[in-house]
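By letter and in written order, the chains are A, B, C and D; residue numbering begins at 1 in each of them.
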Amino acid sequence: MGLKLEDYTGSGTFAHGIHPPGHKNLSQDEPVRVMPTPDTVVLSLHQNIGGPCEPLVKPRQTVAWGEIIGKGTSFVSTTLHASVPGIVQRPVRMTLANGRHMDTLPIKTEGEIPSGRGLWDEIFGGNWPVTGLDAYEPARISLAINEGGLVGLGGAAFPTHVKIAPSDKKPIHTLIVNGCECEPYLTSDYRLMVEAPWPIITGALLAGRSVGAKRIVIGVEDNKAPAIAALKRAAEGTGIKVAVVKTKYPQGSEKHLIQAVIKRQVPLGGLPSDVGVAMSNVGTMAAVARAVIYKKPLTHRVISVTGGGIVNPSNVLAPIGVSFGALVDFCGGLTPDAARMIAGGPMMGFAFSNPGTPVTKGTSGLTVMTRDEVKAGEETACIRCGKCVDVCPMNLVPTKIAMASRHQDIALSRRYNIMACFECGSCAYTCPAHIPLVQLIRAGKARVAVADRS
Amino acid sequence: MNVDDEKNKSAGGLKSSNLVQAWLVLVLAVGFGVSLAGVQLMLGPVIEGNKLNETLEKVPELVLGNLLAAKMAGENQTLEIVPRQVTVEKPGRNKFYSVYEARYQGDLKGWVVKTKGQGYADTIELLLGLSPDLHTITGLFVLDQKETPGLGNKIITDAWRSQFVDAPADRSLVVIKTGASRPGEIDAVTGATISSKSVTAMINTTVGDLRKPLTTGPSSAGKGGKNNG
Amino acid sequence: MKPIDEILPTAPVIHVSPSPHLVQTASSTRRMMVDVLIALVPVVAMSLFVFRGYALFQLAVCLGGCLLAELVFVKMRGRPSTLKDGSAIVTGIILAMSLPGTAPWYVGTIAAFVAIGIGKIIFGGMGMNLFNPAMVGRAFVMISFAGALAASGFEDVRSAVDAISQATPMNAYKINGVVTPLTHLFWGTTNGSLGETSALACLLGGLYLVIRRTASWEIPAGLIAAVLVLGGVADLAGPADGWTVLHHILGGSLLFGAFFIATDPVTSPLTPTGKFIFGAGTGMLIMVLRLFSGYPEGVMFAVLFMNALTPLINRWSIPTPFGGK
Amino acid sequence: MADLPTATERFINGILPENPVYRQLLGLCPTLAVTNSLKAAITMAGAVGFVLLCANVITSLIRNLLKPHLRIVVFTLTIATFVTIADRFLAAYLYQMSKTLGPYIPLIIVNCIIICRCEVCASKQSPLVAATDAVGQSLGFGIALSSIAAIREILGTGALLGLRIMPASWPDWVIMVLPPGAFLTFGLLLGTVNWITARRGGKKTA
């Protein structure tokens, strides 16, 4: 199977990978619901990969919706805005879902913002031009993105202005918009593509112009036919292509989508720009369009609240900083057999236990799994069946790395390229001996990183 | 222990002197050398004798058979054994055989040939007794072998070796798996066909090689190599 | 307090753990063992059909021996019983299938104890062993009691079964130059070790394993390819005595070894490249042993030798990571 | 000096607590090579004992005259001499045994037990202590070799010292008299000795 797209040499897939059950039917046909503005939001000062931001507001200060409350401290860092209007409270140190302890700015809601359909229209509705975008200078686009506080909404939360900045050193020829939502359960990007394809297209055109890409392509997996149709319709006449790639985990990984679309391998430790590609998530593109054209910052995002442990699995448009507990309540609460709350999807997401944990810009979903689903098999001895080798999308030997890591053998784990692992979890999913491979490798990576520093 | 300490103190001077060290090593070396020479002088002949005896004491048995050899030993008679070396020219190389001529009161009673060849595990060394006219095999002894214990090394058993006694030497012996009945057929050792075949093949080759040098007499044997006897 | 799992689910109980949170529950080590057992069905059935009581007897001895050995040795180490994981059963059946039916009871018993004790437990139990346990056991008795095994087992003239009283095809060829017809080798109506006679049964079981991905296809593929190449060369170079490369493939324990012994995951390399090298190396050694050594068959020693090389092959075949040079 | 073991301690230590084979893992080359029959093992142990005794006594006698950096040279010289003497004697009076033992008698020169005893004991203590130490270590070596050889000979040939002791129906475990048998037997015995020691040690602390 090929892409059947002119100029794109990719085969639409990559080597290895797994096919976990999708469980997308729980929420894929649920139109995005708009959550009423919560009483408080808690905004972490560290919402992205890179440096945290510095608060610009004092406790008890009144802020408006979208007002800048934090400023990036470094290049790889971005602006933070109030996602609701209200009064800033004293900073609190909290544990985020990913386990990091961070200073947060709670804001007590006071004042009105559009609600329901009104809010949706405010953010995704309106007029999304596909022509006349030449008026926007590349440098201005990047600046507007930074001012909008945009980060990658797919989960990694890399500041978007860094990715989309025009660069002379590494010319970009292709912008790939990542519409692959390969994590099981999650459907937030899917719903956005179906319901609001126009801002995505506009945003992609703007981002493409900013990086100087000659080609723009949106990669979507073949299990999302309605999204493909919607995007194709919206993209008509713009030159943007939709690449239909194979449904497989982890197709949404940057490097693997590039391989699937243009058949280029991003070098180890390198970035997509090393092969002339810029990549961003579909949700980010919609936010780019809003930030550049309407000068509106990122304050809300679509979140999938799903899994067998949620009474009414849904896709929710919610302000950043809302607590996961409030999201759960909005979706009917937890079922009695709910056993694990995960920020993100079940393959790479972070489990947490405090319902007060706030949503950050990179939170693409909340998956609540049931007791039966998380029942882990008993760990037995590795019989070296090599199934983990067969599925590793990075072409590594996970069991060797994990064992080297278990025995704290840094040299051996380096020889097996431990740092190339991006913890997608394919190996641990497949392992018949139920060895916690990812956990071991993660510990090993930390150890190697420490050794590298000293 | 105190005594030791005092000794050390007094020896301190000796220990640090290079000259004393040199003399010590020299004296030791000479002492050891002399004692080794003594041992060699004393035991050398015995060892050489052992080596030769190992071969020679088998000769009567191999030429005359067990009974006759025992009888001769009982009557205190001995065979005259003349060792010689026979060289056989083969394409590309020469092959040497140690041959022992067994004579009794001047009459040629038979030959004993030392031969070696590749077995299953390692080289096998054989002593082969032949009648004077080289028509029959009169005996077989395995001098050295490293065949698999329990299988291949059964070639040293009397039972297996006795098959060769009185076997015809003027045609090739054949190994068969079980039930050798006709002359010239040899039963293989169970589970060790390779070892059995190796020994038989070595015998066939040796007899073939030596037929001409030995039957044409000692004088003509010199044609292929010099007579060392 | 009861453990969390035992509390009735009347209210959500949230606990955390690192990702991934999704596990493929359908696959487990036990399931893989069961797959091997299913794949062994045609082989066992064929051996029961050809050798009747002899096969039943050998199966009982080896299976009993292996289970008892596993029980005893694991207990000696003070570990919880590992009988349930099924690996001892697999070892037992493969061992029985690799022995001739006529081997006396003590051969099977000693082989079983050596297989489990020296082949597996001494290395630290399942997953740790360097050599294929069944082959360690077989090698031990093969060297110890060569007389009672392949070398002369078929000479048991008291045997009631016709097939037993003939030489194995490999021996018949090696010693007397007799070529067994291909059809006999294919269906398995010849003498030999219990499981090796029928090429058809081995192929059926092997295909099941490969399709289930319990055994990787690379090993049998590499092995058979190497035998084809070397056997083909021998065919062209050697005298036409009727023993062709096809006889090499269908005869002896080649297919049984290729599908059931060489594919033992614990003792074979991890990566596909490594597996292919392992298979090809085993195939080459088999042909070298068959053509040039004193033994008529070389599968066991070839597999054991390549087992010893497995850690090295693993080291040679570290795959280039995605995006690496 | 005062805390060096006495003659009695040296003697007892050599037999089990510091057994050269099982506890120190020294002299493994002959341990593996000549233990397929008890007779060969005893002869080997005897030869090692003779060399060890002579080397220890001579080393002890000259210990006060010797500079440390020369000691290995002198040890080797001494050992080589006595090994040659032992070898010649065997060839002269036990010709068949000498053929069986083959190169392993000359190889006693590099047997680490002897160098080790010269270094650890003889070069520090009096000839009397050195002599008892040599006897103790030789006994320990002999016990180790004999235990391995006895097991291998009985299992491998059904006999001990050439006398058949197993019933006629005993199937000889041929592998036991082959080199792999040496490794297996030695490994299992070593494991057993360690296991027993560990258990006894465990009880003591408990």
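We take it that contacts are C-beta pairs under 8 Å (C-beta built on N, C-alpha and C of every residue); 3 or more make two chains touch, one makes a residue touch a chain.
Quick caveat: nothing in here was measured; it's all calculated off a predicted structure.
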Among all chain pairs, the one with the most C-beta contacts: A-C
Closest chain to the centre of mass proxy, which here is the mean CA position: C
Chain located farthest away, centre of chain B as origin (C-alpha): A
Averaged-CA centre spacing for the pair chain B and chain A, given as whole angstrom: 85
Rounded Å distance between chain B and chain D, as computed from the means of their C-alpha atoms: 31
Distance between the centres, which are taken as Cα means, of chain D and chain C, whole angstrom: 41
Centre distance in Å when chain A and chain C are each reduced to the mean of their C-alpha atoms: 48
Multi-partner residues of chain C (each touching 2 or more other chains): 146
Residues within chain B bordering two or more other chains: 148, 150-151
Residues of chain D that touch chain B when the two form their complex: 1-2, 36, 62, 64-67, 70, 73-74, 77-78, 80-81, 84-85, 88-89, 91-93, 95, 125-126, 156-157, 172, 174, 177-178
Residue numbers on chain A that touch chain C, as the complex places them: 14-15, 20, 184, 255-256, 259, 265-268, 270, 309, 334-342, 346-353, 367, 369, 371, 373-377, 380-387, 389-390, 393-397, 399-400, 415-417, 420, 423, 425, 428-430, 432-434, 436, 438-439, 442
In the complex, chain B residues that touch chain D: 1, 4-5, 7-8, 11, 14-16, 20-21, 24-25, 28-29, 32, 35-36, 39-40, 43-44, 46-47, 50-51, 54, 148-151
In the complex with chain D, residue positions of chain C that touch it: 104, 106-107, 110, 118, 122, 140, 143-146, 148
Touching residues on chain C, where the partner in the complex is chain A: 5, 9-25, 27-29, 31-32, 85, 125-128, 213-214, 216, 265-266, 268-272, 275, 314, 318-325
